[in-house]
Structure formats: C-alpha cells, structure tokens
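You will see two complexes here that share chain A, one where it goes with chain B and one where it goes with chain C.
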Partner chain A sequence: MMKGSIIPLFVAIPLAGAFLTSFIGKKIEKLPDGLGLFTSFILFVLSLSAVRLYNIHGILTYSVGGWRPPVGIGMVLDGLTAFMLVTVNFVAFCIVIYSINYMKKFTSKWKFYTLFFLMLAGMNGVIITGDIFNLFVFLEIASVASYALVAFGTERHELEAAFKYAVMGTVGSLFILLGIAFLYGYTSTLNMADMGNILATNGINNIVLMVSVLFLMGFGLKAALVPFHAWLPDAHPSAPAPISAMLSGVLIKSLGIYAICRIFYNVIGINPVMSSMLMFLGTLSMVIGGLLALRQWDLKRLLAYSSISQVGYIILGIGLGTPLGILGGLFHLFNHSVFKSLLFLNSGAIEYSTGTRDLREMGGLAQRMPVTSTTGFVGAMSIAGIPPFSGFWSKLIIIIAAVQAGRYGYAFLAVLVTILTLAMYMKVIKYAFLGNLQEKWNKVKEIPFFMKLSMGILAFVCLVVGLVAGMAFLTGMDQTFIHRASETLLEGTRYAGIVLKEIK
Partner chain B sequence: MSKEHEKGMSLIVKTITRLTVGLILLYGIYIVFHGHVSPGGGFAGGVIIALSFIHLMLAYGREVAFRKLSKATASVFENLGAILFLIIALLGFAGGYFFLNFISKGEPFRLFSAGIIPLCNIAISLKVGAGLFAIFVALVLLRLDGESKK
Partner chain C sequence: MIIYLLCLVLFCCGIYCILRKRNIIKIIVGIIISEYAVNLFFILTAYRVGGRAPIFSSEAEILNMVDPLPHALVLTSIVIGLATTALLVAIAMRIYEKYGTFDITKIRELKG
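And then the complex of A and B:
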C-alpha cells in the first residue's frame, strides 16, 4: 500500500456509514447507534494516525482513480489538513456518543445518522481535497445535509429557520461557484496547487481581486462573518442539540474558516488589503456578535450569537498574518470547536431534562444536575477566557499577536469583547445553574449516562488543553501540531511548489 | 373498464400513456447503458426512468403507479445505487487507487468498454431514478395530506 492510502478513507468511511445506516438501519432498532459509534470512532483514530503520518512523511498527496493531478482530482494531507481532521472527527465522535441518548425522543434515528454522516463526509472532503471544484462539491454535500438537519424537528420555527438557512446558504454557494468559474477561466486549471503556481507567475490583477471578494462573501457567509451572519442565530438554535453543536462547533469552521485560510493563504496568496479586510470583518463580528449575545434570553440563541463573536476572534488572528496570529487563530479554532460543542450539548441536556431553553425559567439547576452544571461551568469559563482553561491561552496569543503587529485598536477591542463574553456567560451560569431551585424543577433528573460521558470528555479536553497550552506557552510552542498547521499557512503560495513536487 | 381506470386523467391521456410509457422506460435504460459512448449517462437516464413512473402516476393516479414501484422498493433501489457506487470505488481502492478503473477498458466506442464507467452509470441511474421518484411522491403526498385536512 502507498503511504497516503488512508487519505480517501476520510470521505469513504462516513459515506459508507451513511448509506449502510439508511439501507439497513431502519429495520434494526439498535443498529444506527452502534454503526454510528463505530464509524465515528474509526474516523477519530484515522485522523490521529493522519497526524502521525504527516509528522513522519511530511506532505502526502493522493490521486483519485490513478489520474495524476492537475488533470485528475488530487487529495492533499498537510499540517493544516491533519489539524482540521482531528478537530472535526474528535468533535463528531463526542457528538455521536451524546446522540445515543439524546436522539431517543425523535422517531427516526436512522435518518439523523444518515444526514449526520453525509455532513461529516462533506466536511472531511472539504478539508482533505486539493481540487477547488471538488471542494465546492463537498461543501454543497455538507451544506445540503445541514439544511435538512436544521429542519429535523419539523416544527414551524425549525422549518422557517431551515428555509432561511437554505436560501442564504445557496446564495453563498453561488458566489463561491462564480468565483471558481472566474478562476478557472483565468488559470485553466482547477487543482489548487497548480492554480496557486499560475496565479503567482501571472500576478494579481482585477479578476483575482474580484474573485477574492466573491470568495470572501461566499465563505464568509458559510463562516457567519458579520454582514453575512443573519442565518446563524435562527439555524443553530433550531436544530436538535447535537446538530447545533456540530454546526457551531465544526461546520462553520471547516466550510468557512478553513476554506478562507486555504484559498487566501495558499492559492491566491495573502496581501495587505485582504489581510486588513479579514481583520476588519473579524473584529466587526467579534464586537457585534458579543453585543447581540448579551441581550438574549434563549440559551441556544445566546450561544449562537456567541459563536459569531468567537469566529471573529479566529478570523482576526488569521487575518493578522503573523506567525503568532495564525497560531493563535488556529488554536482558538480548536478550542472553540471543543467548548462551543460542549456548551451546546449542555443546553441540550438542560432542554432534555427541563424542556425549556429560556434562561428566566431556569434557576438552581446545579442542585439537581451536578454533571451538567460542572461541565457547563468548565465550558463557560473556557470560552470567557479564564485561566487555566483553554480559551484563555488562545485569546491571549491572539491579543499579544495583535499588539506585536501594531494593531492596538484591534487588540483593545479583543480585550473588551472578552469582558463581554465573560458577562454573557456569567449570566448563563447565574440564571441556569445558581440561585434558588424553582419548585417545578424539584423532580428534574440528571441526564443519562452517554450524554454525561460525552460532555465529560469535552470538558476534560478543555481543561487538559488549557494546562498543556499553559506549559507550552512558558516553554515555547515549536513542536505542537497546531504549530505545524500554522506553518502550512505561513508557507503561503510556496504551498503550490511543495504539493506539486510531491505529486511528481 | 376496470375500476383502476376511474381515477386519473381522461381516456385520451391514458391511452397515449399506455402506448408510450414502456418506450420512455426503455429509452431511459438505453441512455444509461450507452452513457459512455453517447451523450447522456447515469443522471440523465435515471431522470428519464423516473419520468416514466411519474408519467404513469399523473395519468392513472397514485395506486397504479405504486403497484409498479412502491415507496419501499424505491427506497431500497436508492440505497442500493449509493452503496453500489461506493463499492465500485472501494474495489478500485483495493486495487491501488480510490475510483481506479480496474476492469479492462476494451475497445473504444463499443458497448462493453470503458471499464467501470457503465457500472457507475447503472448505480447512478438507480440512485437518481429512485430518488427523483421519491421526491415527486413526497411532494404529491404532502399536498394530498394538506388538502384532506381542509
């Protein structure tokens, strides 16, 4: 077998999981759970081995069907890919564990798992592919599956949110397709490495600028950057809790942020205009998302607005373009995946036990639901940036990077939004978990075992990553795999040469 | 006239449908099998196959169409198509590359040529045909349910 032969499995295994679940899952009741757990566990293990493979061999490429890129479809495993694969598949694994208990209240579990694995296949495909049109295809697979998942409850507001999401998502996808068409017309190739090569020799002109703007709109919509964020606060709270966690935790990152990073750094090449635009949009999302979140009383809606705000941090870090900024941005991406999925699973746990999402109706739940409140506390402290939890370090790195780059205004706003974040999560903790227990919640029970397990794992990761990052922060971060991911972006358009050399 | 002919459209439409529906189905199958040598392929052929069943449903009503192709069968065919496609890809993976064309490619422009591509076309046509039929059925049933509530 070749060195890179695990690469296509990241797409093939979730697809097989989806098709098998829909084929035999509806006949046998327990099968979807078992198959889902098995599939996602294999994917998680494979993603870890992908990191190992990358550490041993460096960049690996794969030619689908034996057709060599740039003519055929190429798949590329590099530092950023390995990092994103671990993030996505780890969160997906935890969410599948959680769904075993949570999804019992919905009638057709097999439909949920089918759509879930189609979405996962789309996300893994977006991350692993080295071909820009293939990226668009996988992006659509993941998006269409997520439109259906948002409408999974088929209540009125869920359908409305899904329709809004579908319309806006399709507009975003069309911008991306238009951009790809222009780029293809300009460079006559679809392979990202080859495209990067040709763009580097031809130089930047108006068509590339126009394509940049189209991509910024399209992928910015997928990532829910502020002028394009309107679908997110409806879509994410309406989905069932595991799907909210998946959408907020990894979907907006793999379809939006990853694609922005890959295309603007490795294909088109970052320039000061683009960089300052990313920073501006990032800061705008950060501030506006934070301000809007503060006013919400619906717990899941608050978390959704907070996602917009945290995505702003990531984009700010990545837009800075300095090694430290990119490192901080990617580190925050990982952390946000973990703690935002944890918080959404938490809100799902509260809804599972009490049946409400309104913060004003809760209160004192810490007495009845100790595991939920502890993990919720860990998640909230992480996202608010309290040491030693993981969110503190990533935000600190982003702020230091902004100061080093001389962007004092952005650094100041980043600190300010941290305080806003702390305030909104204090509100969650105060209203949901602390205070007096209302009488109607006297009989509330703690959630079932698998939900506790999944939330426990995520909370544990928040804490451990925080401690490890703290140690690494004091001793230097040269060897972590996040560092390798940021190196991939720093290579910039040299990426093309490295990948093409590997193909030959 | 038997009872099943009371529903649906007028006699003229039904007669024309009876004469043409088999030809449409055959034409769809032709498009699928010749996908690698002439325009068309799995998707186009699958759509035509689905249209032949939709044609039947429009002219004769739901019951007659469901007797030919029930919802459960459509669902099985749809999944079968997807799984077949993946199995072809994974067989290629076992032979060296994902989606490797591992069957002998034969002589160009012959019906039995091009390796796995005709097989892929058949899998796609199953998926697309059954899927499109299922979408049409879902839309029709939803509408009928809505009307019956009124």
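And then the complex of A and C:
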C-alpha cells in the first residue's frame, strides 16, 4: 500500500500547479514561469522514479480514498503506464522550458500555464487510472483544456479551429460514454481489471463487438485515425507552437493510442477481427496522411498531416499483435513524441523570428538561425527514417514485424510511406533552411536562450535514442523499458489477474 | 423496450442536428440533446421494474432496488457536459464578434 503512494502524485501535482498559478500567478509576473518549470521538473523526476519502482517491485496499485477496488477507484502502475508517464512528462518539461520565452508575446501567461497543467493532469490521469469511468473523466479534463488552448490566440482562425475541434471531440466523448454504459450494463463493474476478467470468461458476443466499435470511433477520433481525422489539421496548427507540440506530441497518444491499447488488449482482449481493423485503419491513415502532407505549403499544416501519417505507423505496429510489432509501435510512439514536438517547436521558432509559416516565403534561414536549422535537420532526418537517428529503428522494427506476420502488403505500404515522408521533409529543409537568403530576412535574429535549450535537449534525445537503439538492434534486444511496456500488452487479459492479485 | 427506442430516437435527433444544421448555436443544442440521450440511456440501464431507492434501513429488508451507481456517474457526466457547453458557447460568442455571423457556411477560412 505504501509503495504505491507515488501514483496519485501524477495527478495531484499538476492540479496543484494549475490551482496555484491561477491563484497567485496573476499578481506576480515572473511566478508562472518558475512555478511551471518547478512543477514539470518534479513530474519528470517522479516519472523516472516510477520506472525504477516498477523495475524493483513489479506492478503497484493505489486505492483512492482507501476504498478497495473493484468497489473503489484503483490506480495502477505497470510497464505500459511507466513508459507513457516518462514520455508525457519528459515532453511536457521540454515544452515548459520553451514556453518561458515563446509565450511572452501573449498577454496572460498565467492562463496559459493553468490550462497547460490542467491538460497535463488529465493526460497523466488517463494513463494511471485503473477504472474505466475515471478514464473518461480524465479524458474530458484533458480534452476541455485542449479545446480552450487551441482557441488561446482568440483570432479568427483559432476560434474556427477550436469550435470544430470541440464539436468533434465532444461527439467522440459521447461515443466513449455510450460504450462505457453498455459495458457497465453487461459486466456490472467499472474496474478495468475486473471487467477484463468477466469479459474473458463470457467470451465474444454482439455486445462486446458493438462496444468495440463505439470505442474505436471514440478513441480513434481522439487519436485522429483517418476517417475521423478532419479536426487535426485545423486544430494543431492554430494553437500556439508549444501547444501544437503538446497536442501532436503527446495528447493524441495518451488520449487516443494509449486508451486503444489498454482497452483492446487488457480489457476486451484482442481478437483477429479487431486486429485486422486496427491494421487497416493504421495503414489508411499512414497513406492518406502522407499524401495530404506532401502538398501543404503551410509548415505547421504539413507537420499536422504528417502526425496523422505517423500515428498510422504506431497503430499498424500495435495492431499486428506480435511481440515485435507491439515493441515497434510503442518505440515509434516514444520517438514520434520527441521528434514531432521538436519539429513543432522549430516551426514556432521560425514563426517567432520571421512571423511567417509559409514555406515559399522562407529560404536560407540556416545562415541566420543556426540552432533552429540544426535541430530542425535532426528532427526531419529522424522522422524521415535516416539511419543513425531514432525514427529509422522504430520504422524498421515495424516493417520487419509486418513481414514476419506475413502482411507483405502492409509492409510494402509502410516502406512506400517512408519515402513519402522523406520527400515531404526534404521539401521542408530545402525551402526553409537551404537556398539563398531572401532580402527581407537579413535582419532575422536567432531565438532566445530557453527556446534553444529546449530544442537542443529534444534533438539530443533523438540522436542518443537512435544510437542506443542501433546498438541494441545489432547486439540483440535486451530488457529495455519499452520491452516491459510491450510485455504488459502481450499479457492481454491476464493483466486482470495480476492487478487484482496485487490489490488483495 | 419502447423506452430504449425513444432514447435512440433522441440520440439520433441530436446527431442529425450536429451534422445538418448550419447555425452554430443549433449545433451546440444538438450536442446537448445527444448528451442528454446518452445520460438517459445510462440511467435506464440502472432501472429495475418495481425497484425502490437503495436506502439502507434496519426495519425493511431491501429486495428489489435500483442500481445507484449510474446515478452518481451520470451526475459527473452532466457536470462535464456543463463545462463543455459553457466553453462552446463562449467560443461561439467570440466567433460572432469576429465573423459577424453564426452561419458555418460563411465561417470557412480553414480547409479541413
């Protein structure tokens, strides 16, 4: 019981941060920055220690308010949770560093930090909770905060995008709630472990299939899979750059992909029908997102479409259901969080210095902004899958897994989309950084220190993860913490037994 | 059975309103309607024919009671719905300030 007391801190700390910022941040000007940096740093350190605790003790649980699950609300720390917590809190920490300088141009910084930490509390809550209705509540906290953050600039485009996003997000949440109502009516429990137990003994029937479809629609909308992706290319570019990085980097993953993994693997239990559906949707988003991204001239829109395409890779890997496929999917999830937030921060840096997002107006910025262009180059090479960088290894693992599973068509499309990705990022590098410097950018200055620092950390992680993964790949896979995360999914519905044993 | 069908009809009304209406206020109303339909469905799963309120007392033994848990859950979901609606209305007001119209066919500067 005492061992698990670290778990609720992941929700409590950002909530406290949000409350304090809204309460006293208005009066003291420098306080929101300091408080934000402090809070997100603590969260990052805590998430690392959660990984260590998991490695020592195995699965940890916490009962909210002392009510034992399955009656009360339980929180669970297992391999997948620890992995997701590190990803989310690391990216959030880098983004807070970046916001110190970037958000100066907006008037009310404290409102930004309040909403930011509410969103972070929601995401951490979705990840650690072991109760399906609790998951819905945290999901709504994160979503509502993100609707408000997309509209943060309150200009024409921001408002339009936020309205579209809010309407589609709310409809998605309704489907999720309807699915939860069906599941509760069928199993008469809300605890995910208990629910998994009951569903495993009853087997697959029409209600379970109906619920699967409802969840696929709801969470697929949050993850921006292709038939439900229409909100993403508007919402992500309209938000301020740190929020675009947060939305594309971690929000669609913790709300969408994590929830899909958890529910389809550990609660309902994966079956061939669901598996092929996930693979089909993943490949569809991969191809369509890639094709749409190629013809964009707005830098941030291009990045947003490429997010759809990369989410397709992750879902393809996870949908394969083989150990290697899940490992590749989760590894790509981590990599994509890092390099996509890096690229969005880069686009923010360019907008900060030059005031434009149109690729045709840029050119030769490498001469004036060396740090931005170097980190941008690392991010672009990483997402395009050039060998020493991290993106190459995760894509390679997914493609090998697809071939091993006998899905040659999907593997071929995955290779093809890699080439598309390379083409679109070549376009970004060529138009933004290389070429002749235009007259009007002669006076462009490099960005302030904290923005450089944050982008430097992310680029460094891209490179180091790539090198470490390369070494691990060549010498054989060992016990990395991504490995642990994929094991959690492979346990499938036996997860229930493990968690329930831990509670008693 | 008929009550579940009516609930479905209500839900479909809301979805139709979201998909087909051009006025953003009507879209918000559609969201509220379909939200209420889902909440109603959740409450209906708790209902037992002839059931009574689940209040513990030493005199009477409770044989057939209504499941109290969905009521608590629906209460939470109503509060969430309130937050979402308030935010949507606030955005709609700002949109009217900027664009001077509630018609979504005229508010199309982004191409999704």
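Methods note: the second predicted complex is superposed on the first by the 503 of 504 C-alpha atoms of A that agree within 3 Å, B and C clash if a C-alpha of one lies under 4 Å from a C-alpha of the other, contacts with A are read in each partner's own complex, and residues count from 1 in each chain.
Convention: contacts are C-beta pairs under 8 Å (C-beta built on N, C-alpha and C of every residue); 3 or more make two chains touch, one makes a residue touch a chain.
The shown structure was predicted, so the numbers you read here are calculated from the model rather than taken from an experiment.
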Chain B and chain C placed together on chain A: clash or fit? fit
In the superposed arrangement the C-alpha centres of chain B and chain C open, at the centre of chain A, an angle in degrees to the nearest 10 of 40
| query | Can A:Phe460 be said to touch chain B (first), chain C (second), both, or neither? | reply | neither
Exercise. Check whether A:Leu159 is in contact with chain B, with chain C, with both or with neither, and answer first, second, both or neither.
Key: second
Partner touching more residues of chain A, chain B vs chain C, is chain C
Name the contact category of A:Ser63: first (chain B only), second (chain C only), both, or neither.
-> first
Request  = Once the structures are superposed on A, label A:Phe38 by its partner contacts, choosing first (chain B), second (chain C), both or neither.
outcome  = neither
Quiz item: Now for A:Tyr184: first (chain B), second (chain C), both, or neither, which partner does it touch?
Solution: second
### Touched partner set for A:Trp297, first chain B, second chain C, both or neither
neither
Superposition result for chain B with chain C: lowest C-alpha separation, Å, rounded to 6
In their shared complex, chain A is touched by residues of chain C numbered 15, 18, 24, 27, 31, 34-35, 38, 41-42, 45, 67, 69-70, 73, 76-77, 80, 83-84, 87-88, 91-92, 94-95, 98-99, 107-110, 112
Seen from chain A, its contact residues with chain C in the complex are 133, 136-137, 140, 144, 147-148, 151, 154-157, 159-164, 166-167, 170-171, 173-174, 177-178, 181, 184-185, 188, 190, 230-231, 233-234, 238
Interface with chain B, chain A side, in the complex: residues 2, 5, 8, 12, 15-16, 19-20, 22-23, 62-66
Contacts from chain B onto chain A in the complex sit at residues 76, 79-80, 82-83, 86, 89-90, 92-93, 96-101
